[in-house]
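All chains are identified by letter, namely A, B, C, D, E, F, G and H, in their written order; residue positions are counted from 1 within each chain.
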Amino acid sequence: MDEQRLRELLKQVAAGEIDCEAALGQLRGLPFEDLGFAKVDHHRALRQGFPEVIFCPGKTAEQVSEIVRAMRGRARVILGTHADAEAYAAVQAVAPEAIYHEAARIVQVGEPESYKPTCGTVLVVSAGTSDMPVAEEARVTVAAAGCPVASLYDVGVAGLHRLLEHREMLERAAVIIVVAGMEGALPSVVGGLVSAPVIAVPTSVGYGASFGGISALLAMLNSCASGVVVVNIDNGFGAGYFAAVLAKHWRTDKPD
Amino acid sequence: MDEQRLRELLKQVAAGEIDCEAALGQLRGLPFEDLGFAKVDHHRALRQGFPEVIFCPGKTAEQVSEIVRAMRGRARVILGTHADAEAYAAVQAVAPEAIYHEAARIVQVGEPESYKPTCGTVLVVSAGTSDMPVAEEARVTVAAAGCPVASLYDVGVAGLHRLLEHREMLERAAVIIVVAGMEGALPSVVGGLVSAPVIAVPTSVGYGASFGGISALLAMLNSCASGVVVVNIDNGFGAGYFAAVLAKHWRTDKPD
Amino acid sequence: MDEQRLRELLKQVAAGEIDCEAALGQLRGLPFEDLGFAKVDHHRALRQGFPEVIFCPGKTAEQVSEIVRAMRGRARVILGTHADAEAYAAVQAVAPEAIYHEAARIVQVGEPESYKPTCGTVLVVSAGTSDMPVAEEARVTVAAAGCPVASLYDVGVAGLHRLLEHREMLERAAVIIVVAGMEGALPSVVGGLVSAPVIAVPTSVGYGASFGGISALLAMLNSCASGVVVVNIDNGFGAGYFAAVLAKHWRTDKPD
Amino acid sequence: MDEQRLRELLKQVAAGEIDCEAALGQLRGLPFEDLGFAKVDHHRALRQGFPEVIFCPGKTAEQVSEIVRAMRGRARVILGTHADAEAYAAVQAVAPEAIYHEAARIVQVGEPESYKPTCGTVLVVSAGTSDMPVAEEARVTVAAAGCPVASLYDVGVAGLHRLLEHREMLERAAVIIVVAGMEGALPSVVGGLVSAPVIAVPTSVGYGASFGGISALLAMLNSCASGVVVVNIDNGFGAGYFAAVLAKHWRTDKPD
Amino acid sequence: MDEQRLRELLKQVAAGEIDCEAALGQLRGLPFEDLGFAKVDHHRALRQGFPEVIFCPGKTAEQVSEIVRAMRGRARVILGTHADAEAYAAVQAVAPEAIYHEAARIVQVGEPESYKPTCGTVLVVSAGTSDMPVAEEARVTVAAAGCPVASLYDVGVAGLHRLLEHREMLERAAVIIVVAGMEGALPSVVGGLVSAPVIAVPTSVGYGASFGGISALLAMLNSCASGVVVVNIDNGFGAGYFAAVLAKHWRTDKPD
Amino acid sequence: MDEQRLRELLKQVAAGEIDCEAALGQLRGLPFEDLGFAKVDHHRALRQGFPEVIFCPGKTAEQVSEIVRAMRGRARVILGTHADAEAYAAVQAVAPEAIYHEAARIVQVGEPESYKPTCGTVLVVSAGTSDMPVAEEARVTVAAAGCPVASLYDVGVAGLHRLLEHREMLERAAVIIVVAGMEGALPSVVGGLVSAPVIAVPTSVGYGASFGGISALLAMLNSCASGVVVVNIDNGFGAGYFAAVLAKHWRTDKPD
Amino acid sequence: MDEQRLRELLKQVAAGEIDCEAALGQLRGLPFEDLGFAKVDHHRALRQGFPEVIFCPGKTAEQVSEIVRAMRGRARVILGTHADAEAYAAVQAVAPEAIYHEAARIVQVGEPESYKPTCGTVLVVSAGTSDMPVAEEARVTVAAAGCPVASLYDVGVAGLHRLLEHREMLERAAVIIVVAGMEGALPSVVGGLVSAPVIAVPTSVGYGASFGGISALLAMLNSCASGVVVVNIDNGFGAGYFAAVLAKHWRTDKPD
Amino acid sequence: MDEQRLRELLKQVAAGEIDCEAALGQLRGLPFEDLGFAKVDHHRALRQGFPEVIFCPGKTAEQVSEIVRAMRGRARVILGTHADAEAYAAVQAVAPEAIYHEAARIVQVGEPESYKPTCGTVLVVSAGTSDMPVAEEARVTVAAAGCPVASLYDVGVAGLHRLLEHREMLERAAVIIVVAGMEGALPSVVGGLVSAPVIAVPTSVGYGASFGGISALLAMLNSCASGVVVVNIDNGFGAGYFAAVLAKHWRTDKPD
């Protein structure tokens, strides 16, 4: 039952052509999803400014570019994650403004609006150079959502002084994404140094008993530092998305 | 917005106290769930004859009996699963007609309607005597749903002749529940002997590398016999419920 | 001992050429499997209308086509699952009527009989576009068994309104197959909305902690909705086969 | 080197008793941790208003009460998590103002300051009644940190209408904690309905293949909904702490 | 169809009361299991001398003693494994000749026949004193099956000289059962020293990463020594049974 | 200390050039391994007739052929397992008599002696056609050790009649190797039908929750049939070797 | 062949009663283990000063005290690990000098010799107070082996300043044992700060996804810091033993 | 605050341009990391003689050679581990003195200083030929750190005599690295034979239930021999590094 039908029903009631109980009966059977859908629209509106995302693996370059073509009118920014050069080429054919973040393996179409200066800064921290693709995926996602973002890479716990040297940077951030593979200890150390919320991203970096990221994932879930939450292994996009939600709502004046 | 408020709104429209667009606005914001709830009621009506279920572990005997008291008006049959003698005593205090299926660890309040003769028969098969609590939980659940049910216990694959002796019984059943722990091979063997759908229930019976039922679960998921589906370890109730749904809709005349 | 030999033995008894006790002795040693085999034939007859299936992985295209050649006289419909284009080409050489369901990766030879109008409808629901190969494998299997089948794809739980919009479709189905990877939540949600039996198929779609489908499998086994059963990861065929068994026996008149 | 020694060194420089290079040498060897400690103090000050926490398991009631006695001067609020009645009695002996949140298994000493009205509201949602201890642990933690908090319990995905009825409540929350065991599907569904950040807490509720919460944990890590992060199994405190950090920094005016 | 009915059928044929084809029809439907059962009897006869076994866990002392009472006429030796003192007392009440092997946790009723002198000797080797219950379960099982059996305990690989001192004993054995927990290395070492078949029994002895016997189980499955097979964790009975089968068929004259 | 030095020492004693205590001192420090090595030789002699084995994976074709060249003088039969065509070609270059068992992926050099007629027969049974490489590896290994061996393939539990038809064959075997993937149920069924020892070989055949053979492995370890032991996943060689050891020592006269 | 027999053989050679070749033949068959045993004695002598150890779990108090009684003459120091008060009481009855390290759950009988001043110092570091039993087990083991040992507890990575304050202590140690549960990050951080070898001990401290110490174990095995090795979960004794071996051989003069 | 700024501050104090308290204030805020960095430098100096290491997987040949170019001035020895021939060629272009240890897959640039004769010898022991790459990685690492190193390969436990023959070699070593895959039993056996510390390296050698090295890893963690520690699967470098640390500090005079 769409809005038009609802309007006609009410007119019939107003005109006395149908009595209240009969109208009530029709309304009771009203498929809620149409109304619900309106709510969903409103709800999606709240998320404006967040990029639409295409997870590229398992899709051909053509499929990716077709989805981009279809989305391009509706979405300000479109991200294709885990995209290779071939997917980028296909997207460029339909969206010449597309750029390719190679380290992050992301194709980006469109630019975000600039945000209020009150928006908090997101800091992406990574343990080793091998974690960089995931870290970059997080960083590009935050940037594509229109939030200020900085990065601090290769500051793993085995060389603590590298991290401690940048303590001021850590303390300035509103939200910190910490990306680490192997033993996954960095989020705990960062979480103990700062009061900002920490989003931990385990990576599949490592070998042997790293079991494709399970070691890092378990370590992060068991973090002894309060204020640490975890996303899936290698899920740089998810961490970036979550961080951007927080950053957009961040009150930069300190709580009392 | 409950029905009363909806009726009043329609009366206001009929009385011309509110115009159609304003009413439309109110209706558009109408919490669909109230209407949806009506659907749910209808939907639950489709399930009439199925018992309400209380999963007793983690609830005190008092909590169980209070839930029974609250449900007793609404539900024809109530089952308390994984119930101990204490829970039974507490239920009896509020529902003297309650009976206790000791082997199945189920407290039952109320009796199901009898069903159409067209309803198919469910057969519960178990591998060993230690699987009996789970098998009985399935059997009592089917019976409490008002379906005819038979049982064939202790016919594990290591003594195949015990199973083969009852092949006629297997072939008469519309739906077969097969309960087994340890290596969980029985559903595959039964599934190879019959054309009826087989619902496999792994049990936590075993020791060492049975890992609390994982061995049996994996074996059943990997069954080489077509027509075998699986429920959670020790989930006799779930198998019984699913079997009863099938049995109630079973066409006893053979498909052509 | 085949039927011929049995007949001769009885003739000898009738002719008094062999006395009863001696005949009894011979019969006692009679290999039961020959008689049993007759039963098996009868039993297979019950399954008439179900396609024969060839699981193609690990077989060369030639092996697949030879099996098809051998089966073609006996079986009305033959399915080659997980088949690639090469296997299809080889099958076409021996069975020109073969068709290739590309999305489902199934080669089909022959068409099913049409069924009684009383046969229930199967609905295949999937969470994401990446789950489509498994969903299509299920759908094609149901169709090849001669049952009416519909599909509803890309209605994952993260966008619940997409599912709720098609609630009527869900409620019309006699049996529902729900295919989902990642967190595997869709069967629980569908199982809570309908009274039809739900067959859950976990897929290996996902990355990181999805562990090749284990996450989805575990979620489905632990479904809090009654009326949900599970098959192996990516086992679209198994779900389709089971659903077809149910649909063929489905009583479309509601139980009272 | 404490402050006193540093002051004396500087005086010696001022008095010309030691030249600059020699003083520089001494300063270079200065144990950074004493200065660093001051930073830590400052840093902890930023966290004012957050309760101190004692994880009670593995500690005797006496040990818990002694820690409370020692902390009581320094901390405005102290929480003892996973505390039993005996621990509560021991704490009461040293802190008569202590209260016991029984469902949450938390002993609380002291009350938080009230916060700015700009602080966002936290909503704690749980799937089943058995998840309540963990949900309550989260709720009490948020409240003890001085943030407004509401709860919505027993709205698991198998009865979706119960959740949908409270959609407005979901949409008003700044941050949502979703607590679920078994298949752990609720965070994905909630995450798909709202734009607020969702903190998912798997619980060890379930049996068989729930494996003490692993099923729920994996499901949540694999959530197809963006904006969902995860904490350890049964870690209600961690979720509450993280949510309170977010709520205190939440800008209630919508981002543009 | 039992033998009596079969005899009557044949008499009817002989008497001409029923013609051959009609008799054939009746025979074709003959439940093979009755004939099959005869084979099974014969087959069990081959196993004469092997004890009947009752796995006691999950059975009450009364249930155990009732099974013993029922079996006592039929079986020469009955073993109750994993039996406690209470079970023993209950068995003694119905079978005063029962003895209790405390270290092996086995109640034994009856004595085996003595065997041919050609029967090979079984040697039970264990790594540590904590493995003794499982080793003794194996040893008592072999003895109860009437085979000669010796034991060599506490000869773990960390003190290799203890094992090497008894090399002659190892070489005299026809079959060797090796029981070990923790790292489970002993079967590989023994398998490298002897030409006899080695049956490895992992035990749940250990802590931490022994994971209830998984470490030992995996080590044994991966043994680099040829001639090593494995049974379930703590399955002393299974190893003893298998060893006795081998020992009874062992040719003591060396193969050429 | 080699034999030469030992001889000289004894000569010195005999010649009175060194007294007994001094000789004793030297002997006490004697490296036992040289003597031990002699025992090892003796011990290996007991194993005569068993093939030497080269596990080919991870070795180049040249390495394999060089090992064959080195062994060829010493060993009557040499097997290269998991060998591809390239390895076969390289071996042929140094041992023209080499043959290639393609299904078993085994290169064989040399022929075993024929054995005593008393040697028991080994039967290799497999569940599905995909299990054939592992089954053939077992069969060829038994044959290469000079033991009579038969095979019975594609008799999985889902079509029980195929197995039961060959019951006589099963009962004639001294030792049975059962090869199965997926749910791994076949060894339990065979173990229940026969009194011969059963060696179960899990294979990595399957998909999804078969987890590369873990399902089959666990099922076999948990077999409810007595007389079943297990080797590593896909370890056809190990099963064949163990079976040959048993067959060579088998007493074909029945135990009394 | 014991020494006496060897002596007699040599006398026979000296007396010409047996010729060299015959003596050689006898010697070749000489059981090496008797000679080997002498080597073992010598080898154990190298380990003098290390305590004998009794792992108490699974032994009765009486068994423990009997082992102590038997060892007491031979060993300078005896440790009973994982000992409770009852075991201590029983040991005291046979060894009144016994002392009980309650936190370490160790009964100690006897005192070690004091060592050379060149022996390096062992430092035991632990992350949380709950790790103390394991840390103390390590510390007492080192002390009982006669090595200087210090401890630094409750310096987990979430409060990095606590660790950094004691950096000098860390740098003075020859060997460092790091004990941690939960995310097990401390060994990586310590390993990055010092040049001393680090022995990591995972503990079973934690809940939920700590899985009884697996998380910590995996983190430690994947440590990105060089110079970190790992022992079993909760194996404080093993770490202490290994550390003492290193400390006793430590050159305190720095390598050049 | 760098040294220059610190010097100027002190000059201002000396010149009376700033008073002590103001200077103190500035110093208190002094970023410790700059001072800490000095300590780190000192600390790294202690490690002089240890090679810098580049983990090559995931880096292009160009990236590896660029890192080598950058390090070459600073480090005496540089190792590129897991390096292929292409990486070696690229390194040679920037460092012509580079050599390639093919079996170890290590590119080495530069030679270590020779060490004091007091340095202990490291012995690398491996179980099978397939373990050689990992064993060689360990051996080359030790050598590159300037320590004497020997090797003893292919002495797995299934042929114990091969190991026992070299017992003298084992006993001469200060530190022993034991490399093994499959059942991982060798470290326990070696640990029982010697008093030297044993560093166990599990390898991913094996198939089926070796699970990529998990079996060997678990076996080593559960070693019943005291004095055994473990590193990650296939981590030859880590074991070599740790062994070199020990060897450099080894006191070759026996402890008393």
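Definition applied: a contact is a pair of C-beta atoms (placed from the backbone, for glycine too) under 8 Å apart; a residue touches a chain by one contact, two chains touch by 3 or more.
Note that the structure is predicted; figures quoted are calculated from it, not measured.
Chemist: When you check each chain against chain A and chain G, which touch both of them?
Modeler: Chains that touch both chain A and chain G, as defined above, are D, H.
Chemist: Quick one: chain G and chain H, Cα centre-to-centre, how many Å?
Modeler: So the centroids are 23 Å from each other.
Chemist: Indicate the whole-number Å distance between the mean C-alpha point of chain B and the mean C-alpha point of chain D.
Modeler: Result: the chain centres lie 40 Å from each other.
Chemist: Specify, in ascending order, the residues of chain C that touch 2 or more different other chains.
Modeler: Where chain C meets two or more other chains at a single residue, that happens at 32-33, 36, 159, 167, 193, 208-210, 214, 217, 221-222, 226, 232-233.
Chemist: What chain pairs are in touch here?
Modeler: Pairs flagged as touching, ordered by label: A-B, A-C, A-D, A-G, A-H, B-C, B-D, B-E, B-F, C-D, C-E, C-F, D-G, D-H, E-F, E-G, E-H, F-G, F-H, G-H.
Chemist: Given the complex with chain A, which residues does chain G contribute to the contact?
Modeler: That would be residues 127-128, 156-160, 182-185, 188-189, 191-193, 206, 208-211, 214-216, 218-226 of chain G.
Chemist: For the complex, which residues does chain G have touching chain D?
Modeler: Touch residues, chain G against chain D: 129-130, 159, 161, 164-165, 167-168, 205, 207-210.
Chemist: Within the complex, which stretch of chain D touches chain A?
Modeler: Within the complex, chain D touches chain A at residues 39, 43, 46-47, 49, 53, 115-116, 118-120, 164, 167, 171, 174, 193-197, 199, 217, 221-222, 226-233, 238-239, 241-242, 245-246, 248-251, 254-256.
Chemist: Can you check the complex and tell me which residues of chain H touch chain D?
Modeler: Those in contact with chain D are residues 3, 6-7, 10-11, 13-14, 16, 19-21, 23-24, 27-30, 32-33, 35-36, 38.
Chemist: Provide the residue numbers of chain G that touch chain E in the complex, in ascending order.
Modeler: Touching chain E from chain G are residues 31-34, 36-37, 40, 57-59, 202, 204, 212-214, 217, 232-235.
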